[in-house]
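There are two complexes below, and they share chain A, which is joined by chain B in the first and by chain C in the second.
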Partner chain A sequence: MFGFLAQRLFQAIIVVFAMSIIVFVGVYAIGNPIDVLIDPGATAEIRDNLIRQYGLDQPLWRQYLTFLGNVAQGDLGKSMVYNISVVDLVFSRLPATLELVLVSVVIATVIGIPAGLYAGYRPNGIAAKAIMALSVLGFSVPTFWIGMLLIMLFAVNLGWLPSGGRGEVGTIFGIPTSLATANGWSHVIMPAINLSLFKMGLLIRLSRAGMVEAMNTDYVKFARAQGLPDGQIVFRHILRNISIPIVTVFGLELGSTLAFAVVTESVFTWPGVGKLIIDSILQLDRPVMVSYLIMVVILFVQINLSVDIVYARLDPRVRLKGGK
Partner chain B sequence: MTRTLLKSAVAAVALLVAMPATAQDLTIGLRAGPDSIDPHWSTLGSQAEALRHVYDTVVDVDETLQLKPGLALSWDAVDDTTWEFKLREGVTFHDGTPFTAEDVKFSIERIPEVTGPMSMTLYTKFVDSVEVVDDYTLRVKTKGKAPSLPNDFTRLFVVPSETGMEARNEEFNSGEKAIGTGPYKFVSWQPKGDMVLERFDDYWGDKPAWETVTRKEIPDDAARVAALKSGQVDLINYVPATDYLSMKNDSDLETFVADSIYILNIAPNVKDEEPQPITLNGEPVDGNPLQDLRVRKALDLAINRDVLVNIVLEGLGTPANQLMPEGFFGYSDALGVRPYDIEQAKALLAEAGYPDGFEIDFTCTNNRVPGDAVVCEALAQMWSRLGLKVNAQALNGTVFFPAAAREEYTMTMSAWGTLTGEAAYTYGALVHTKDAEKGFGNFNRTGYSNAEFDTVFGEGTQTLDADAREKLYEDASVIAMEDRALIPTVILQSVWASKAGTLDFAPRTDQETRAYEITPE
Partner chain C sequence: MIPALEVRGLTTRFATRKGYVTAVNNVSFSVAPGRIMGLVGESGSGKSVTAFSIMGLIDAPGEISAGSVRIEGEDMRQMTPEAQRKMRGRRVSMVFQDPMMTLNPVLRVGDQMAMAVQVHDRVSKKAAWERARDALDIVGIPAPTERLQAYPHQLSGGMRQRVAIATALLHRPAVILADEPTTALDVSIQGQILAEVRRLADDTGTAIVWVTHDLAVVSSLADDICVMYAGCIVERGTADQVINHPCHPYTHGLIQSVPSLHEPGRKLPQIPGSTPQLSQLPSGCAFRNRCAHATDLCRTDPPDAARGERRVLCHHPLEEEA
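Let's turn to the complex of A and B:
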């Protein structure tokens, strides 16, 4: 177990290094951030001073070494656009994204897996066909379009829910979150449903496929012959056997939802981290890009780690070992 | 049972959402907001627009960007290198300290210490030293003659001298140092989030109509429109062109339209060797055809500006005949409407030695202003009727601007706004010969150089008398436009929208949405 963790940690560090080099080289290849940011009326003198002030006149390797030196001292730098610490900046937005993703993942799981299991249990029923049709819509219709439709229906025409933004923020266990207030929920529910549709579709299809396959296996036939009730067969025996692919996809999707919730966030004006990152890319705000990506890498590594640990719990044949 | 529960839950949520705001509150949905609450951090337009509510500038501007008194009541050139500003008396900061000339001096001196990559030293570059004569008189010594100093000071926000040189963005963002003399007090702000303001009751000017103002940043066009339609906000700016017609015809909504300062200009590269080769039948042509005035005129004559405005931009534009909108300082009335004449254009092209046209690369921005990409494509089609083969490419600003700065394009189109409302800003940057020493031509990427223009314009920048200077700038406009140094196409318009019959305001050329200039209807 320890060797396994150490190996994962080592991998994470390598990925962070590789990623920071890619960002540095990438930004360098696009051009000078000052040329994107500078006011049209600025004189050449002002421009040259700025380039020097931000160290952009240095060769790339030296800029990178300076950055590494600062990181070693725990300083990820300041945003060039906001002039505040990038850690503060990203963390001021991250909780909003986290709570949105959390709610949407819960919705996707609570609805998606049972619906998929049912569709696999009675694959020829009308309900199963309807569920499958919906799941196709879920991952083939673009998120932003469904988002706009939801807004048109529930916010503009019916006036039941707000069209966007984050509601009142309360605290649960000392964590500021809009999930603590009714107003907060009224704001989070629509974007969360919107964000959950793709994952829900995916989970429905995965659990249905697993279910259909498992229903024909010998152990299910034996269980039936033994006279076990269907509920027990499905939840105790089948679900456990088909959950490995579900957990894998769930983990992957959780990471990508966190990193790429930007479409839903911008349609619903959700003050999450996505828009901040897109803007920092457009403005070549290198410190923000690098540190956000570092955080995303760490997040992915953690999620993968959790998935591996869950595997071991689900399937006694899987052991966590270091090396090959 | 569950159904009733669901119904009452929905009703409860609906109640929470529909809580009516009082008539004293104004919520605005804006495309962009500030990057900081420090008024000396950045020259960004959306930054100035937001911070104007909290801080006053020394000189203010009216709806068409012409100067009007701000914290200074009047300004005069005492001698060739000294401007004297008479300041308003009886003005107090939000914390109660009285406003004096010391605060202006401090603000000018603070800028180079704290400003960021969008450097505000742009506005103090002519300042040599600042002298406080008495509490309400300030003298600014300039480096050489600086007739445009009052224009530069339209973005000079004043903070109290007690702020201290150490205060940085964090102290301003938290509200600790966010103290100005403006009509609104700062309450709270988060990057890319809402900015909340509260009326300042001791404001020196007219009392604003709204007690609290919330400026919501909603960058997504469709989301901003939805927020207005669902009643989450009272007013939105930058209504997208695609929604404009339907919103104009919607009786529940009211739209406000005004010319903006932004004009889409074509910049033909006139260097001896063009960066991307101009070819004919795959072979590079001799020399650079764009150096020939007849070719540039032909390009100009082939543009049907009425089509650009009425069809391509769906009515949201005005044909442009120079680099500034009418009413700006230096706008020339002598320049007429640009005609569309494809026959004459073809004749000129043939006369210049290109009866069969040529193949040329044409690069534009695609996300900087509404309509830049569609105008780009339309221009390429108009020129193909002239017999040219135009490879139009609309690029993201992140790619376009650095490459344009490296002068890698043969012909470009991008938007330029005369932010200061006077010609020196635009001509000094775009048209004057590139001259690092004089600080001119920083954005002259075409290699254009016209001695006559430089002389007339240069004389203007050294003339303190406003009328004489205006005449020289107008002459410079004629020279640059007759020579097709740049080819202006259309003035873009901007649109605001509100619920019908709720509020009233005069839309501004500079596209700013100032809460204190909006009144309930």
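Let's turn to the complex of A and C:
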């Protein structure tokens, strides 16, 4: 277990390094942020000063080394647009995204997995066919379009829910979150549903496929031959077996939703990190882009690690060890 | 004495696009307590479907369309599905072919066996584990307490099959259906398990139906033998009668094709052709296309013959050689 963790940590460091180089070069190639940042009427002197101030006159490798040096001291740089520390900027936006993702993942899991299990348990029933049709809609209809339809229906026509933004913030256990207030919930519920539809479709299909496969295995037949009722067979025999692929996809989806809930956040003007990164790209705010993407890499590495540990808990045949 | 298992006129069919296919056709036999009956046939002869029909585990599109299955006199087919479930594992249980697949890979052996105990008996988890340990002891597993803590992948194939048999034994059922349980094992392990099963039948009085395609296994293990062909039992008798004095040309052919029963140096006789598709059975006798003795009668009339306890489904049974 210790060897496994050490190996993973080492891999993570290499991945973060590689990622930082790719991002740095990629961002450099997009364009010169100074052209976007300053007033076109500014004098050449102001322009040159600014370029020197940000170190943009240096060659790329030197800029990168400076960046590494700063990172080593815990400084990820300052946003060129907001002129505050990138870390502060991201962490000011993160709670909003976290609560949105949390609610949407809970919705997707609570509805998706039971629906999928049922569809796999009675694959020829009408209910199963309806569930499968919905799951296809869930991940083939574009998110932004469903989002706009939801706004049309619930905000514009019915007037039940606000059309966007984050609600009042309260505190739960000392953590500031809009999930503490009713107003906050009224704001979060629509974007969360919107964000959950794709994941729900995916979870439905995965749990259905696993269930259909498991129902034909010998160990299920053997359990039935022992007189176990179907409920026990599903919950004590099958669920654990089919949760392995579900956990994998769940982990990946969790990561990508946290990092790139961009579309939903834009449609519902949700002040989260997805919207922050899109704005940064539009404004060529280099430090934010670079730091944010590196944080995303670290996030994914962490999620993958958690998934591996959960694997080992679920499947006794998997043993975590370092090396080959 | 009431037979442990009595099957009468059991018929199981499957709905297909082209109508019904009958996989088990009017099958009847009975097994007394402590006896072992070998149910022999080629792949697709309906022997496994027969076993699943007895368990009441036929899923759509299949259905049991006729017949009765009595466990110690009680007809399973007259019971509600819930009552049938309560029979399974308690009064009649089953062991499967591939021990690699029959145990759940993610649960400890003890948890799986304890679950099987607790489903029928309200006992504590601790008591259930003790019952499981005792059952492992009965089937000759060394260090049963440690084995209960193991996951299936940590056990060998033979060990896993013993675990499966022990699980089937947990409630001391009247009948155990064994669906080719030694086919996937090494010959030496197979021998051990056969000896163990024979001892179990003798000691506990459990009736055992041993489903197999392997005549050699059955000839050494079984008391009685039923030979199945295309869903029907074509010959039934004691092991001695069927093996040493086969009456049905199919049984005769099967015995002739067992290499170990054959003189060395001579060409091994074979049954020509292959098992017919159940959806395309010939008229009259299902075996006539492969039978050297077939006549016009076999083409038109399905055979229906019985000689007391021996049953031979043939118009031209071979004479019982002395």
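Please note the rule applied: the second predicted complex is superposed on the first by the 324 of 324 C-alpha atoms of A that agree within 3 Å, B and C clash if a C-alpha of one lies under 4 Å from a C-alpha of the other, contacts with A are read in each partner's own complex, and residues count from 1 in each chain.
Going forward, a contact is a pair of C-beta atoms (placed from the backbone, for glycine too) under 8 Å apart; a residue touches a chain by one contact, two chains touch by 3 or more.
Remember, predicted model here, so these are calculated numbers, not experimental data.
Student: Taking the superposition as given, does A:L228 touch the first partner, chain B, the second, chain C, both, or neither?
Tutor: The second partner, chain C, only.
Student: Examine A:H237 and indicate which partner it touches, taking first as chain B and second as chain C; both and neither are also allowed.
Tutor: In the superposition, A:H237 touches chain C alone.
Student: Classify the contacts of A:S163 with the two partner chains as first (chain B alone), second (chain C alone), both, or neither.
Tutor: first
Student: Touching A:I38, do we find chain B (first), chain C (second), both, or neither?
Tutor: first
Student: Touch check for A:R8: first (chain B), second (chain C), both, or neither?
Tutor: neither
Student: Return the chain, chain B or chain C, that is in touch with more residues of chain A.
Tutor: B
Student: Can you tell me which positions in chain A touch chain C when the two form their complex?
Tutor: Touching chain C: residues 124, 217-219, 221-229, 232, 236-237, 240-241, 314-317 of chain A.
Student: Within their complex, state which residues of chain B touch chain A.
Tutor: My answer: residues 10, 12-14, 16-18, 35-36, 38, 41-43, 116-119, 121-122, 125, 168-170, 173, 190-194, 216-220, 222-223, 226-227, 229-232, 396-399, 401-403, 405-406, 416, 419-420, 425, 428-429, 436, 439, 442-443.
Student: Could you list, by residue number, the parts of chain C that touch chain A in their complex?
Tutor: 55, 57, 60, 85-90, 93-94, 96-98, 101-108, 115-116, 119-120, 151, 153, 164, 167-168
Student: Which bits of chain A are touching chain B when the two form their complex?
Tutor: So the residues of chain A in touch with chain B come to 30-47, 49-50, 54, 80-84, 89, 92-93, 148, 151-152, 155-156, 159-165, 182-183, 185-186, 266-269, 271, 275-276, 279, 281-284.
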